[in-house]
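Below you'll find the structures, each written out as structure tokens.
Each of the two complexes below includes subunit A, the first together with subunit B, the second together with subunit C.
Up next is the complex of A and B:
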């Protein structure tokens, strides 16, 4: 009953809120508008935009050391999460049956465990830093903690539901997934989409000036 | 709510373009920008974290562009932006940011934080929250034509000295010249050797140039304080003078923000493409050298380094030219550990040098440059911005260091073929 609800009506509501909400947030960026830059560019802004979207996946050579913690913990979390979301066997099955109508080969169990370890370690390290580092304490908002907390709970319940031994565990996981999807468009989790815009805008401006940003 | 505050909020609201909205939407509060900012690294105080300096603007964005923000303010659960916020943030926005843009280079989600601060200042100044020193500089720029109060008479006196020292006639208001040069007040008052240097170089290279008696000031207090109206007025004066003389190029001098003001913001400030090309003096010198028109001779054997002016290099794109020029005359040229587009600011850009209140903090932040210089152990530092030069000299004196600062154009003029000193 509970499982039917979280995988039925609540899932549809969550998915709809997520899709409409994300679209609304992206439209808000477009609606804000941007005046044409009338200065004469040195190199085209569009290629600079694309280049910076990719270039910022790594820090500047000179900035590797200060960024080392965030880079290692950040990549551990994001890659781990990416593998979990898209390649965990139950997820592939869910995506095939409920979303896309087709699936792909899921990751073997040991890959899942490795990814989960990375994702948990990365998330907890980043969260710990957020709570201990004076700079992060100064700039963090409740949203940062809610987003991190929800992600953690989703991952944790997901691991509990891994063996699908009990419908309740699967339903619990699904409940938090639904909540995360509903929360997503109203939160900083939006960076998963908007980073393309922010990197792109900066890359375009800097490329016009002749600087690789 | 005071009328002035409402004007500030309205101005801030006008700055919310797609870039700003995407930047606030993307920020995950990772705090990495702190490590890129010399005001944080040299004080260790978290309040100097660059993104934290945007709190007033973030509040407005949150209450007008986000669901929770709108709901929170309506239900009285979230604090709206208040006048007190602007008052509390004034010193963070003006004293502890030189708009150097180093933070913009390291943000993982790509936020151009310097651009955001530049925009936030539009709201601050409209609400009346800007440092007196910068307000005065802007007033003088608008009323007298120079933030330092330099008048045409002052320039004429300087030019007389230049003519005496060089034996050259300085062209003023020459119709149809190819290049029109601008100067920063600092050059006219403190570093006339810059004017002498370009006069010598241009004479030797056969450059057709002129100064306009109507617009010779390159600096633009408007873009520093964040007043686009004032900035547009100042750019407009240069544009009309250049149009009147029918020049093809306007040369931006050894001044950082002057280059940003006219090269990158100029057309946008006046709302139409500039009717001439803007070229930085270092770009022009490099072009003249490549074309064989700038002939240099002799080399200095001094070990020296180059301080990158942020607005010319990182924010201006003139990165390689100063290095190519320096190598011609200084085989002992060595780079600081972080240089080029990742250089560290002198601490006095973005109007900080015009803001006396910020002096103690600026000198504390200078420790970053001191560390860079100590590490390298050089005794000469070349730069290409009169403001950087003054700030560097002040810092060097304050810390009792033994380092000489000189301008790149000046150094090149010393090695001009036929007049080389060494």
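Up next is the complex of A and C:
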């Protein structure tokens, strides 16, 4: 009953809110447009935008050492989460049966374990740093903690339901997945999509000014 | 027909008596013949059923077993040692560890009732001293979170059958135990990272000095008089080394248990289970005391691990040698530009 609800009506509502919300947010960013820049660009903005999108995957050389922790923990979490979401066997099956109609080869169990460990360790370390570092603590809002907490709970309940031994555990996981999808468009979790826009905007603006961004 | 004489009658009765005595002796003694023959080393009567089960249970030397399944212990049909392991778990590990953990909680409660919260005698001065860097606090809380998750799920797996079935029922416990098993196995491999971080960020300052033994002799000041201490006192140093010892034991035995695909047999798994259970229970018991003295038990202690700073009077009362060193270095009352200078800190102990 509970499983039917969270995998049925609630799942459809959550997916709709997620898709419409994300599209709405991205459209709003696109519609905001740019102020006319009448100066002659020193270097092409498009080149700067594309270059910055890729260059920001690593910190500036000057900040490499201070940002080493965030970089390692951040990559551990994001790569781990990416593998978990798209290559865990139950997820591939769900995507095939409920979303796309086709699937792909899931990751072997040892890869799943490795990815889960990286993701959990990375997320915990980043969250702890957010709470313990005085500067990060001050610039953090409840939204940051809710988003992180929901992501953690989704991963945690996912592990509880790993072997799908009980419907209740699967339903619990799906409930938090639905909640995360509903919360996603209204939160900073949108950075999963908007990071390209923000990097591109900064890169284009700075390139036109002749500044290396 | 002649008349029977009295002699004939007597003879007949004697014959009947002898025949009866012979029959009685035969009935009693004949069944004992096989035992007598076996006792003097006579014939052996093969019993295929008994031989089969003796081989299956493998009570004697391992038999020559052939099986299509190739792997460690695949030739073992019934693990006779498994019963010893089960008896140890059910009759020794679970009740004894339960008494130990319960005893720890009772001892802490009694200590709190008798001693109360340890206050800062001279009150707060308002002057702060940095005690731990961001990285040290992060390593500590990372260990705390991972340890708590593993500890709680491990306790459910150890005591759940006795504690949770009466509360949740068999079905509820089944769900809880399944979830805890998955979480425990999945978080286990993160634990070595927590142990490594603790080692990396707290090794410095945790070597033993003569003053630590004097601190111990004075019971950390509980037996009267002031007990001097550096950045870490003897209790904290023992906890640090205990964390490493128990942590490494749990990591090694945990890997043996959770990855049974590296050639380890049942005997090694049983030993790993023994050491995992014992180390975990001792570690959890120590964590009870550590958590108590770091929160409820002592005023001003928790903030060292939350914001990284302690009051100068707290430092003077509990870690006077370290305070004197900080004062000599001009670090008392100096609050660094938070988040800038300490964010990129390395393994160095703050002022330690």
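Methods note: the second predicted complex is superposed on the first by the 210 of 213 C-alpha atoms of A that agree within 3 Å, B and C clash if a C-alpha of one lies under 4 Å from a C-alpha of the other, contacts with A are read in each partner's own complex, and residues count from 1 in each chain.
In this text, a residue touches a chain if its C-beta (ideal position, glycine included) is under 8 Å from a C-beta of that chain, and two chains touch if they have at least 3 such contacts.
Being a predicted model, the structure only gives us computed values, none of them experimental.
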### subunit B versus subunit C as contact partner of A:66, first or second or both or neither
both
### Query
Is A:168 contacted by the first partner subunit B, the second partner subunit C, both or neither?
second
### Query
When the two structures are laid over each other on chain A, which of subunit B and subunit C touches more residues of subunit A?
B
### Task
May I ask you to decide whether A:101 touches subunit B, subunit C, both, or neither, giving the answer as first, second, both or neither?
neither
### Query
For A:195, is the partner it touches subunit B (first), subunit C (second), both, or none of the two (neither)?
first
### Query
For A:39, is the partner it touches subunit B (first), subunit C (second), both, or none of the two (neither)?
first
### Message
Let me test your reading of the model: by the given contact rule, A:136 touches which partner, first (subunit B), second (subunit C), both or neither?
### Response
both
### Task
Determine, under the contact definition given at the top, whether A:156 touches first (subunit B), second (subunit C), both, or neither.
second
### Task
Mind working out whether A:128 is in touch with subunit B, subunit C, both or neither, as first, second, both or neither?
second
### Query
Same subunit A residues contacting subunit B and subunit C, which ones?
66, 133-136, 138
#### Entry: Residue numbers on subunit A that touch subunit C, as the complex places them
65-66, 69, 113, 116-117, 120-121, 124-125, 128-129, 132-136, 138, 156, 159-163, 165-166, 168-169
### Task
In the complex, go through subunit C and note every residue touching subunit A.
134-135, 137-138, 141-142, 145-146, 174-175, 178-179, 182-183, 186-187, 189-190, 193, 306-308, 338-340, 342-344
### Query
Contact residues on subunit B for subunit A in the complex?
16-23, 25-32, 34-36, 40, 46-47, 49, 51-52, 65-68, 104-112, 115, 263-268, 271-274, 277-278, 314-319, 337-338, 341-342
### Query
Which bits of subunit A are touching subunit B when the two form their complex?
25, 28-30, 32-35, 37-40, 42, 52-53, 56, 59-60, 62-63, 66-67, 70, 74, 130, 133-141, 143-144, 185-186, 188, 190-191, 194-195, 197-203, 205-206, 208-213
